Amino acid sequence: MNKKPEQATALDLPMVSPLPDDTQAYFDLCQDKLGMVPNVLQAYAFDIDKLNAFTAMYNDIMLAGSGLSKLEREMIAVVVSSINRCWYCQVAHGAAVRALSGDPALGEAMVMNFRAANLDTRQLAMLEFAEHLTKASAETTESDRQALRDAGFSDRDIFDIASVTGFFNMTNRVASAIDMRPNPDYHAQAR
Amino acid sequence: MNKKPEQATALDLPMVSPLPDDTQAYFDLCQDKLGMVPNVLQAYAFDIDKLNAFTAMYNDIMLAGSGLSKLEREMIAVVVSSINRCWYCQVAHGAAVRALSGDPALGEAMVMNFRAANLDTRQLAMLEFAEHLTKASAETTESDRQALRDAGFSDRDIFDIASVTGFFNMTNRVASAIDMRPNPDYHAQAR
Amino acid sequence: MNKKPEQATALDLPMVSPLPDDTQAYFDLCQDKLGMVPNVLQAYAFDIDKLNAFTAMYNDIMLAGSGLSKLEREMIAVVVSSINRCWYCQVAHGAAVRALSGDPALGEAMVMNFRAANLDTRQLAMLEFAEHLTKASAETTESDRQALRDAGFSDRDIFDIASVTGFFNMTNRVASAIDMRPNPDYHAQAR
Amino acid sequence: MNKKPEQATALDLPMVSPLPDDTQAYFDLCQDKLGMVPNVLQAYAFDIDKLNAFTAMYNDIMLAGSGLSKLEREMIAVVVSSINRCWYCQVAHGAAVRALSGDPALGEAMVMNFRAANLDTRQLAMLEFAEHLTKASAETTESDRQALRDAGFSDRDIFDIASVTGFFNMTNRVASAIDMRPNPDYHAQAR
Amino acid sequence: MNKKPEQATALDLPMVSPLPDDTQAYFDLCQDKLGMVPNVLQAYAFDIDKLNAFTAMYNDIMLAGSGLSKLEREMIAVVVSSINRCWYCQVAHGAAVRALSGDPALGEAMVMNFRAANLDTRQLAMLEFAEHLTKASAETTESDRQALRDAGFSDRDIFDIASVTGFFNMTNRVASAIDMRPNPDYHAQAR
Amino acid sequence: MNKKPEQATALDLPMVSPLPDDTQAYFDLCQDKLGMVPNVLQAYAFDIDKLNAFTAMYNDIMLAGSGLSKLEREMIAVVVSSINRCWYCQVAHGAAVRALSGDPALGEAMVMNFRAANLDTRQLAMLEFAEHLTKASAETTESDRQALRDAGFSDRDIFDIASVTGFFNMTNRVASAIDMRPNPDYHAQAR
């Protein structure tokens, strides 16, 4: 069903060829471990500086140490992407929620309506903040931050929730702007 | 009028102390050239990896070679920040538009209503795309990209418009989430 | 992950017991053919007149003869339910789109963003009309109907598109109002 | 002022002719008791199965036994139709509110702004729930249902409020989609 | 049904007593010609300067010479008041549309959905501009003004459409802010 | 940057010529005291009755005695104009806030996001009411008025807040409708 699935995006921006050794090694590693090179990486590979800036920030936000688990960060990613209705990010990160949680229904709920999931107080507060920040960031006040502290989050955790929420508000718009297409492999994963 | 202007944000996340030599040198350079260290840098300096990831992406998107001029990228930054009503980004990047253009009224128009500015077809198309992507990215279609091509933009330029738009949709939310406060120096600049 | 999956809804409205013979036979048929009794039927079974009125209208709208295929009616169902973010209807009818089309990605696209699907002109016009009717029905004008006729739909087809769109705007609200929970069996179907 | 008042809708879907005896008898009864055959019935009469499914559900929801009075159900009908700005339903059911209540101003307030009416706590809670469900059903939570219970409604009443609200969210969209025109007789009734 | 109909608003701001002779004469004239003193006049009569400023602007905008007929100005008044759901203005000016047009259904359509009325091109363009200005004035561009010129309006007429639209966007908010209550006499007028 | 700055608006409505003596004297006074004749006055001067009605209401609302200071009324003016993104009013009244307060950052915050300003409880309540009235006046209830009373406002003050808010909801729409252009002198004032 994907539009021209052989292309990562709607733009005519071919990857640097040949790729620098570092990049090629990174893409080979993806192929080995994930069975694919995620199209987002291919989309940025027309300019290696942009690719590197993107992956450095991605890895820091989603994978570095944090009071938020990797699953929690993926849950935020999907909720934000669902509000923005980003096809690429809902598909790719929805699969990540299913895989990390072992709960396919949880992945679907993050896409469809996070309020349908059976979340504890902490995770509900986290996702409500991400929703608020995505829809009406200008109305954020100290009481919103305090609600997170009351739910058990530290100031550092608040920064991390804000970072993940912000990051996907960026990538959702880049992906939708250029019609980024998810690798077909995601759809059947961890169902 | 700023809330506790001595603090960069509402979070209790002090800067690493002492700063690594590289970071200290970068902050010294800012102080020399700008007369201040922008608070956004101080806000990220509780974690040097995050600071570096942020500045690397910022520098690539706003300062690297592009078919968009630095002024055009700042215009997008302010229009996006105005839609999201981000206090920090409107103040800091509004000043940049005034300084780079030498036209204080242009900076105000980007903040208040870009349609009031006397823009050429190309810049109007660019800002309308940034607005659309900020407000309703999910409804982007090939005709939106074609409108940019018809206004003279290349596919690479489209990527860059999307990147700047996305980036400020990220930073607006991070800044609002943590109540980032602009350095007072910006207000009177280039009036 | 479902909240109290043993209950069909959040309301304390037990099924009539014993069920009338007709109803029991219908539920047995569901169990045989689908492997479950859809929770929506259990939700209405506290009052057999309401159950019968609902199933009569459902069967007429979704299964009776029409210029729209059953798959097309299910596509409308999911697009409407996605706009309204109805958990029950997205899960149940998303599964139906996957099953009827044999294209799991199509089912996901109806949930996530129908514009990402590779639709022909006719089906795109159909879903755009359903979206418009769901979001802003008061602004429907003759030109909207004419757009459907231009895409090949008859006046009878227009009635049917309106009926399916209307029906799910009803059920989405009933399901969300009472927290109707989808049978867990749907999640893994036709992936 | 009505567009082509001689036609019930904008679609070219003539009534079955002759009507089946049952249907003809029902229409004759309407003519006798109401002085007209409501156009909604004429609009569905191109297909008797659809007409019957519609009238069966309508009669169950609006006329069968319920903890909600018939007037209260009509009040919900008008408030929902006002939010959706459905011309047909506001005219026809606005007349019903005026007639059932003997209070013409109440009928106008349901159309114009239900908060202007002098409602008791119970009816205000009922209409606020109907409004919420119409505008943002996905955000319904247990606290919304509890607010209804606190105002004196049973779980069965909650189902009925949801059903009426859902039903008019359906018919509003069908009526707007096909430009259904109210019988002119309604305007002057019960003023 | 009106809340405390004996009071013009929810504020405790009694009329100047005794009224100045001019004001008393004006109120007596209203009583003679309309059978009532409209509550909006009573609401402003706690301060005669405010009352005079209001009536001077009202009379200029609604009654002075214009390329728009008095009926057309009342039609704009009701459409704007309907978008803003102002109880007072819909009741009072809805009555005016019915009286001036001799077409009760036209008055109802202005309240319920102006697109349901059978308007000519000129009046439709006028009301669409008023709607646009009420909902999204910041997006007005030269093409919107040109659409009015193409429909036969002069630049002076455009000013007048803007003035009436603006005026009711003011009074709607004042009336809703202070809960201004319409005189009960309006409801049954010109039905 | 202003479009044709030599013209006050996009309409072809020249000032009465010669101006009546009173008007000329008023314009001369403006030129003396402000160094310019504000374009809004020039815009209305095609019809002296309209100009007089406008200035009478303006002077009463913004300059007459009130429990609100002139600065507070200007703060409301800018917040309303910012929500409506009116170029003329944000420029002209933003300058007034800067001048009256002696705090340039306060003027910017009223334009960009009033929640960023360090306001006391009273002024925050005042601006939140103005925002609410601008965005959703139909949902105003007694509890909104009570919140103002609790913040120290009298019923007369509530009327004045409503009047200023209403007035700029009018002028914003007139200014945007006719593309009213601010005098260039405002931009650099009181920075």
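The chains carry the letters A, B, C, D, E and F, assigned in the order they are written, with residues numbered from 1 in each.
Just so it is clear, a residue touches a chain if its C-beta (ideal position, glycine included) is under 8 Å from a C-beta of that chain, and two chains touch if they have at least 3 such contacts.
Note that this is a predicted model, so its numbers are computed, not measured.
Student: Which one of the chains is farthest from chain F, going by Cα centres?
Tutor: Result for the farthest chain: C.
Student: By mean C-alpha position, what chain is farthest away from chain A?
Tutor: E
Student: Distance between chain B and chain C based on Cα centroids, please, to the nearest Å.
Tutor: Their C-alpha centroids are separated by 44 Å.
Student: Between chain A and chain B, what is the separation of their C-alpha centroids in Å?
Tutor: The answer is 22 Å.
Student: So, what's the distance in Å between the C-alpha centres of chain E and chain A?
Tutor: About 51 Å separates the centre of chain A from that of chain E.
Student: What residues in chain C touch two or more of the other chains?
Tutor: 85-86, 113, 138
Student: What topology does the chain contact graph adopt: line, ring, star, complete, or other?
Tutor: Contact map by chain: other.
Student: Applying that definition of touch, give me each pair of chains that meets it.
Tutor: A-B, A-C, A-D, A-F, B-C, B-E, B-F, C-D, C-E, D-E, D-F, E-F
Student: Can you check the complex and tell me which residues of chain F touch chain E?
Tutor: 10-13, 46, 49-50, 52-54, 56-57, 60-61, 64, 84-86, 129, 133-134, 137-138, 140, 142, 145, 155-156, 158-159, 161-163, 165-167, 169-174, 176-179
Student: For chain F, which residues are in contact with chain B within the complex?
Tutor: 1-3, 82, 85-87, 90-91, 103-106, 108-109, 111-113, 116-118, 184, 187-188, 191
Student: Inside the complex, what are the residues of chain F that reach chain D?
Tutor: Per the stated touch rule, the residues are 138-139, 141.
Student: List the residues on chain E that touch chain C in their complex, please.
Tutor: Going through chain E, the ones touching chain C are 113, 115.
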